[in-house]
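The following blocks contain the structures, represented as structure tokens.
Look for chain A in each of the two complexes below; its partner is chain B in the first and chain C in the second.
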Partner chain A sequence: MIKTDKVLDAKGLACPMPIVKTKKAIGEVEPGQVLEIQATDKGSTADLQAWAKSTGHQYLGTKEEGDVLKHYLRKASEAETKEESSYPHVINNDELKTKLGNEDIVVLDVREPAEYAFSRIPGAKSIPLGELEERMSELNEEDNIHVVCRTGNRSDRAAQILSEKGYKNVLNVVPGMSEWDGETEND
Partner chain B sequence: MARKVAIIASNGSLFDAYKVFNVATAAAASDSEVAIFFTFEGLNLIHKEGHKQLPIPEGKEHYEEGFKNSNVPSIPDLVEMAKELDVKLIGCQMTMDVMGLEKEHFVDGIDVGGAVTFLDFAENADVTLTF
Partner chain C sequence: MALKEMTAKEVAQKVINNEKLFILDVRNEEAYQDWKIEGESVEIINIPYFDLIEGVDHILDQLPDDTEKLVVCAKEGSSKFVGEQLVEAGVENVSYLQGGMKTWSEHLEPVKIGDLKDGGAIYQFVRIGKGCLSYLVESNGEAMIIDSNRMTEPYKIFANEKGLNVKHIADTHLHADHISGGRKLAEIFGADYYLPPKDATEVTYDYNPLEEGKDLTVGNTKIQVQPIYSPGHTIGSTSFIVDDQYLLTGDILFVKSIGRPDLAGKAEDWVSDLRDTLYRKYKDLSDELFVLPAHFSKMEELSEDGSVIAKLGDLYEKNSGLNVEDEGEFRKLVTENLPPQPNAYQEIRETNMGKINPEDEEQREMEIGPNRCAVEG
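What follows is the complex of A and B.
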């Protein structure tokens, strides 16, 4: 089970209904939240990918369960498209790649669980940004923490929160998973 | 700027209706601005009574079962949906005059215009389709 914010039942519906319903449902979730679309229309996988591309929302992936296709979409938020970074200590994707396996580091993935489920850096720990404050005790203050998200924005906020709480060795990975070409794993 | 899709509907069978309204609603749901110009037999697709009983092309009657089994939405449903998604439906004035039809013979919410009304929209459309 992947955690989502809303589930749309489009099972049994033919094209173009899954898309039309998706359009309505995405209006009912907040930016950054994840929508799960359950469909049986076999064309819906390609359609949703194309739809996400033209509307700017993020297509996370699809899982097949029997005849049902479960598609995952994350609603785009304007803040993320802005390149804004205020946490000063950053590391780029390539530098992180060389550290993996060679240094004792913690990769902290602050994206939503559905994003994490479909593709992540092997061994990365998942704490969505929204849960960071309450789950911070799962991290040690001395850990060598590398925070990653999709484009470097949520991880920037996470890095700031961590350093304010006394975590000493925190780096923000830029840009993050959107351009990650190293190894990945998924559920 | 939203993508603009301009569609000309000039045929009046059930198949034509699906081609037109499926593409139109899918495009509108993808945040495109969509206008359909209904002309000649295409006017059937928005005729108040006509659009509820569009003919299946001769010899293709066996598809009727397929339509039922695949659970495709009905044409009246698709027309409603198109309107909800702000698809602009334009009836061709000249054809209406020829056929002796008035605006009230059509589903609510249509515009009536001449070729220029459509051309004005289609001029800077990104996609233009004819059915």
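What follows is the complex of A and C.
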């Protein structure tokens, strides 16, 4: 089970209804939240991907369960597309790649569980940004923490939160998963 | 004015007759780029339906005033949805394609090619949406069907209308772009199903071997169907000479292009076979034979009546794939920079071997898209 914020039942509906309903449902969730769309129309996969691309929402992936296709879509927020990072300690994807397996580091993935489920850096720990404050105790203050998200924005905020709370060795990975070409794993 | 319905048959007639038609294709861009309705008189634009959910006002200036406008999608739901909106916005002369691209992909248009010398005739079934060509030879109440499509109904209706007893069904090779209706038709008509044995080493059912030297007869004993072993597209590829007039080339030679040798994973091995078939074996045949291929790739290959046909002698002059003198050049042409392989071609081959038996709906999905069996010189 992938945790999502809203489930849309579009089972049994033929094109164009799955997209018509998705369009409505995405208006009802907050930016950053994940919508699960359940559909049986085979064409819905390609159409959702194309629609997401044209609107800027993030298509995460599709899981097939019997006849039902479960599509995962994350609503984009304007902030994500802006390239402003204020946490000063950053590391790029390539540098992180060479560290993996060579150094004792913690990769902290602060994206939504659905994003994490479809593709992540092997061994990465998942704490979505929204849960970071309450779950911070799962991390050690001395850990070498490398925070990653999709484009470096959420991880920037997470890195700031962590350093304010006294975590000493925190690096923000930029840009993050959107450009990650190293190894990945999924559920 | 209400939204009208247009059948695949009507669209096919318009394409063949070069009647003006404006198409608004509302599928997603990828599907559109992969495959669309084409024709000399067809003007087509692509705007995905999901950009039209909130309204169509922003595209009205892209539609012509006078021409008939056809909205097309994958099945028909979205084209109806968009079509209704256009009608509401006051656009006149709007139709949607009944059954969408799925039905377009399956439409067969029978065209008479010509008479046989001793009575009887040969017909070409043009699958205009996918570029597949199949054949029916009839004489004296008997018939043979070659390279049939998955949709058996059009052949059945045709044979029943003419009161034909279909005796033989054959495939020139194991197809990779479409699912053969051969086995099913053989069952329906109680006919024999023929395949080239070299293409049938992995099939899971019984068949009759198609062998050079063993001619088949249809109706009148003088109507001969002569198999010619012509490898290259597949190792078993076999052509037919019908009534000493028509050369059915399968996927070896097309009107504007030649077959590709890679769809069974053996491009390098089969290049020399393909070369030998095209540059020696066919060359020894009469220039007067009419070539009838199993495919076309472009609408310009259709003649005025919708048929696809050319004289062998003319092809040796005009088809660039037959005019590559250098063997090395030829090898390059048919093994490098090939177009993408047909969609789901592996699964289609396995279905044709009888190894897998997908549901009807799945078979339909597998065949969506163009045939892509040719290489242009």
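Please note the rule applied: the second predicted complex is superposed on the first by the 187 of 187 C-alpha atoms of A that agree within 3 Å, B and C clash if a C-alpha of one lies under 4 Å from a C-alpha of the other, contacts with A are read in each partner's own complex, and residues count from 1 in each chain.
We take it that a residue touches a chain if its C-beta (ideal position, glycine included) is under 8 Å from a C-beta of that chain, and two chains touch if they have at least 3 such contacts.
Every value quoted in this text rests on a predicted model; they were computed, and no experiment measured them.
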Quick one: chain B and chain C on chain A, clash or fit? clash
Touch test for A:Ser86: chain B only (first), chain C only (second), both, or neither? neither
Where does A:Pro16 make contact in the superposed view: on chain B (first), on chain C (second), on both, or on neither? both
For A:Ser54, using the defined touch cut-off, is the partner it touches chain B, chain C, both, or neither? Pick first, second, both or neither. both
Which of chain B and chain C A:Ala46 touches, first, second, both or neither: second
Note: overlapping chain A surface for chain B and chain C spans 14-17, 19-20, 23, 47, 50-51, 54
Interfacial residue positions of chain C with respect to chain A in the complex: 28-31, 48-51, 53, 73-75, 77-78, 81, 365
Residues on chain A engaged by chain C in the complex (per definition of touch): 14-17, 19-20, 23, 42-43, 46-47, 49-51, 54
Which stretch or stretches of chain B touch chain A in the complex? 3, 22, 25-26, 29-32, 70-73, 81, 85
Considering only the defined contacts, which chain A positions touch chain B in the complex? 12-17, 19-20, 22-23, 47, 50-51, 54-55
